[in-house]
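Scroll down for the structure; my scribbles are underneath it.
Chain lettering (A, B, C and D) follows the sequence in which the chains are written, and residue indices restart at 1 in each chain.
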Amino acid sequence: MLKGFNVPLTAKGKSTLNPLPPWYYSADFLSIEFWTEPSAAAALLPPGLDPDRAANGHAGAYFYDWQFSGNDEEYLDPARYQYREFFVLLDALYQGKPVSYCPYIFVDNDAALARGWAQGYPKRIAQVFQTRYHAATGKAGPPLAAGSKFAGSLTCAGQRLAEGLVTLKDPVKDTSHLIDRPVLGLLHFPRLAADKQDHPAVHELVQNVPHDVKIEQAWIGDGSLTLPVCRGEEVSDLAPVRCGKGIRASLSYVVDDHKTLKDLRR
Amino acid sequence: MLKGFNVPLTAKGKSTLNPLPPWYYSADFLSIEFWTEPSAAAALLPPGLDPDRAANGHAGAYFYDWQFSGNDEEYLDPARYQYREFFVLLDALYQGKPVSYCPYIFVDNDAALARGWAQGYPKRIAQVFQTRYHAATGKAGPPLAAGSKFAGSLTCAGQRLAEGLVTLKDPVKDTSHLIDRPVLGLLHFPRLAADKQDHPAVHELVQNVPHDVKIEQAWIGDGSLTLPVCRGEEVSDLAPVRCGKGIRASLSYVVDDHKTLKDLRR
Amino acid sequence: MLKGFNVPLTAKGKSTLNPLPPWYYSADFLSIEFWTEPSAAAALLPPGLDPDRAANGHAGAYFYDWQFSGNDEEYLDPARYQYREFFVLLDALYQGKPVSYCPYIFVDNDAALARGWAQGYPKRIAQVFQTRYHAATGKAGPPLAAGSKFAGSLTCAGQRLAEGLVTLKDPVKDTSHLIDRPVLGLLHFPRLAADKQDHPAVHELVQNVPHDVKIEQAWIGDGSLTLPVCRGEEVSDLAPVRCGKGIRASLSYVVDDHKTLKDLRR
Amino acid sequence: MLKGFNVPLTAKGKSTLNPLPPWYYSADFLSIEFWTEPSAAAALLPPGLDPDRAANGHAGAYFYDWQFSGNDEEYLDPARYQYREFFVLLDALYQGKPVSYCPYIFVDNDAALARGWAQGYPKRIAQVFQTRYHAATGKAGPPLAAGSKFAGSLTCAGQRLAEGLVTLKDPVKDTSHLIDRPVLGLLHFPRLAADKQDHPAVHELVQNVPHDVKIEQAWIGDGSLTLPVCRGEEVSDLAPVRCGKGIRASLSYVVDDHKTLKDLRR
């Protein structure tokens, strides 16, 4: 019996990209609210999702510094499991209910990419950075205070795909509304066989169901985001028409399950 | 209609990790023949494959400097598509016929990882290097000549997993026997749903069917390989008992199809 | 007039690796006290420094997650200026007074390397990681509390050179003794001219004089460290005979000056 | 006696970034001739160099895939010593004689950076790629033949700073004119002491004197280059007004000496 959640499957299950769930996460993040052309957002939605007309192109961009662990103290091997991430969420409707859909996501770690693919997150490898908060503050380390600035950037295949900035104004007293929509994705695994390249092995609308979500140290303020035009890339089609709130906070949660909403194969 | 072979699937199909096949490849490579403990090789074989007793643990280790292209001149964007690779092939039997099985493979590029997963190659991201041949030779650039040495190394998640060396002796006149066994893999895509973590979405024994294989500038000589013991890794279970021939050559081929030999799902 | 502190010097001074001082720093760090063979420590000291016999091989290993800024908000360009670092400090005596000497240091960023070279820190490029503290804790994010574990690792040129672990016991009430010895280095810039390769352009015993040092959130406990033997490297000559305290804290300071203690050129 | 050419200087001299010269080099390269605004080129010249008015802004951009070795088979440790490079050379005059001056250069390896700094090459760390030639050609591997295309790209601190393309037309019969001007640089090592930040320790106009230069497999054709505008960077001030010839070839040489033409310190 070969062991492992992801490839490689091996005799002892040590080489696998990821241990079996549960998967534990802890992070600092920046989020930036923005509005794109509604038609650009609509063009990225898979079958089963409808544009959220009322949202008028409303979306979010997110920079995360993540720490991951399974049940075997994987957080003590940060070279293998710690990672940074950028993603976009688009407002959409599923059966008339408001959801978020993730069309783009980038990480700097292969274990995170592999977990993401199993969750319907279309991850590519990239370089992601965000300004960090350290308890010892100063000109190089902004405090959690009004006026402090935190920046993020994304570079993929050598091109700068996104830059963001959050300027803090106020602490967030009630964090219960910060994550308000379920996050949906497109679970997709293609077929290479010549007669099946149009018939993926897996092609499903899925929903992520994290639990034990904790948000700490949340501050809210203004956000700004740019998505520059780059050769061979189309993230820039979502370029902001205007930007809204910016948030800087810490988050932790647990992932051990997943929901398929709809099989999209023909 | 969303477009792309791999995720992300998008409106225009530019952001996808890979274009639709055909996929074109060109490379320089080092290969090192070795024998491992037969039981260590056998322990890595998936259902459907039998140990090749006569092979007595015979295996190969490979360092590749690859260039990739689809039909849209992707080789002119080397930051996105050029890559380096290390893999191991184990002698095995499929329905009594000699084949090679790939239990471990590492690349430094996400497009290559994504193609590999669709081919049954269990790729992880790593740092792979090999000594190169340049036409202007010297003490830093070994000629293609008897006595020249070419080295390779693999580092994954910060640990050195493999080191290899090929010392040239003779040019290879007939390259038709250099790639003699079909290469099989385990196509695997897991399920995260709590009740399906033991029931992968895809779990198949597959065969790669490249064509238009060309081998040029092949030299043969002695090979040596080490697979050091590393924490959290089990490649070292295949540590060589002894090493055999080493080869240094160039190779190109085309991939546009794939065969499923057996669905292994219960 | 060409502008810049480090190369490249250019018309506008934007491309330089670093702006002119003052340089601002903010970090989270792990430190691990250890004792090495006194002769191994003594063998690394430059002229002008004496072994600290009473210290009996006492040394420290340090993992830092740094944020840097000049006066132009460089902390908002983390892709260019944020970095991670590992270094070793050896107890030594300068004119009979206790000091720390830095024989080895590694960073993952070229701006940090360039500043380091101007400070007498012999930096190489490497991959450095440490377990991070995020305010939203859990199994992937250890709290600042007794029993919490934080790990660090260093990989250079593909080889794992160091691994460390700190297990917290108690908060540190008085942090004023955490940094007690001045840090000295060997400022060295070689000459390539054939007749001067033994006569470096710069070869000085120097002292770092940071100011406005702040330490926050300090916890103390047990430390452990390994420095594995690696080909072509000699950090392992300092392998711990035993380990002592471990610390996890945040630190910030300012650098705008530097002292030459002694010109060591013949 | 501490040993090593570059830092770190240690008891055995194994950890140093580079061994003592002689230094051996072997490479494949792309070069692209271009003309920039003469005033932009003139603005980058250090004291001692004059603009080459007749050159009218003539310059070259170069992508190199390098292999390095000292006398101890360093080319067999490609993870530590193999590297890729991009640089610009500007036509200039030194005492009325035509020379090339290097204002910008980027590598992906710290040993190369350290050697470069000792040669007056103002290296930063970056990601550099070029399309490669492999003997087994195809759609992913262009042959050395008329019409073949080879591309290069440079990304530094997350921003794409340069893209180049060479289209082959003819083999070069006489390669003796391909490298026709001596290459000069600005050797610069700053001082951090508060009262000396305007008085660098080393500030010299220098000349590189490689020998045993060999050029092989040279093809010439058309070149094109773009230097996009990027935040915090000024390479784009040299943006081509027009481009000229492109070359693709292999080169090897030896470096064991260096000339100081003029001490530029005040």
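We adopt the following convention: a residue touches a chain if its C-beta (ideal position, glycine included) is under 8 Å from a C-beta of that chain, and two chains touch if they have at least 3 such contacts.
Remember, predicted model here, so these are calculated numbers, not experimental data.
A.B. asks: Give the label of the chain whose average Cα location is farthest from that of chain D.
C.D. replies: Between chain D and the rest, the longest centre separation is with A.
A.B. asks: For the two copies chain C and chain B, is the contact made of the same residues on each side, with over half of the numbers shared, or of different residues?
C.D. replies: Same-residue interface.
A.B. asks: Counting in whole Å, what is the centre-to-centre distance of chain C and chain D, each centre being its mean C-alpha position?
C.D. replies: 30
A.B. asks: Could you please state the distance in Å, as a whole number, between where the Cα atoms of chain B are centred and where those of chain C are centred?
C.D. replies: Here the centre of chain C sits 39 Å away from the centre of chain B.
A.B. asks: Touching at least two other chains at once: which residues of chain D meet that condition?
C.D. replies: Within chain D, residues 77, 79, 127, 129, 153, 155, 158 contact more than one other chain.
A.B. asks: Can you list the residues on chain D that touch chain C in the complex?
C.D. replies: 2, 5-12, 14-15, 17, 20-21, 43-44, 46, 77, 79-80, 103-105, 109-110, 113, 117-119, 122-125, 157-158, 186, 188-194, 197, 201-202, 231-235, 237, 255-260
A.B. asks: Can you list the chain A residues touching chain C in their complex?
C.D. replies: Checking each residue of chain A against chain C gives 24-28, 65, 67-69, 71, 73-79, 82, 127, 129-132, 134-142, 149-153, 155, 165, 212, 214-217, 249-254.
A.B. asks: Show me the residue ranges of chain D that touch chain A in the complex, using the header's touch definition.
C.D. replies: 127, 129, 153, 155, 158-160, 230
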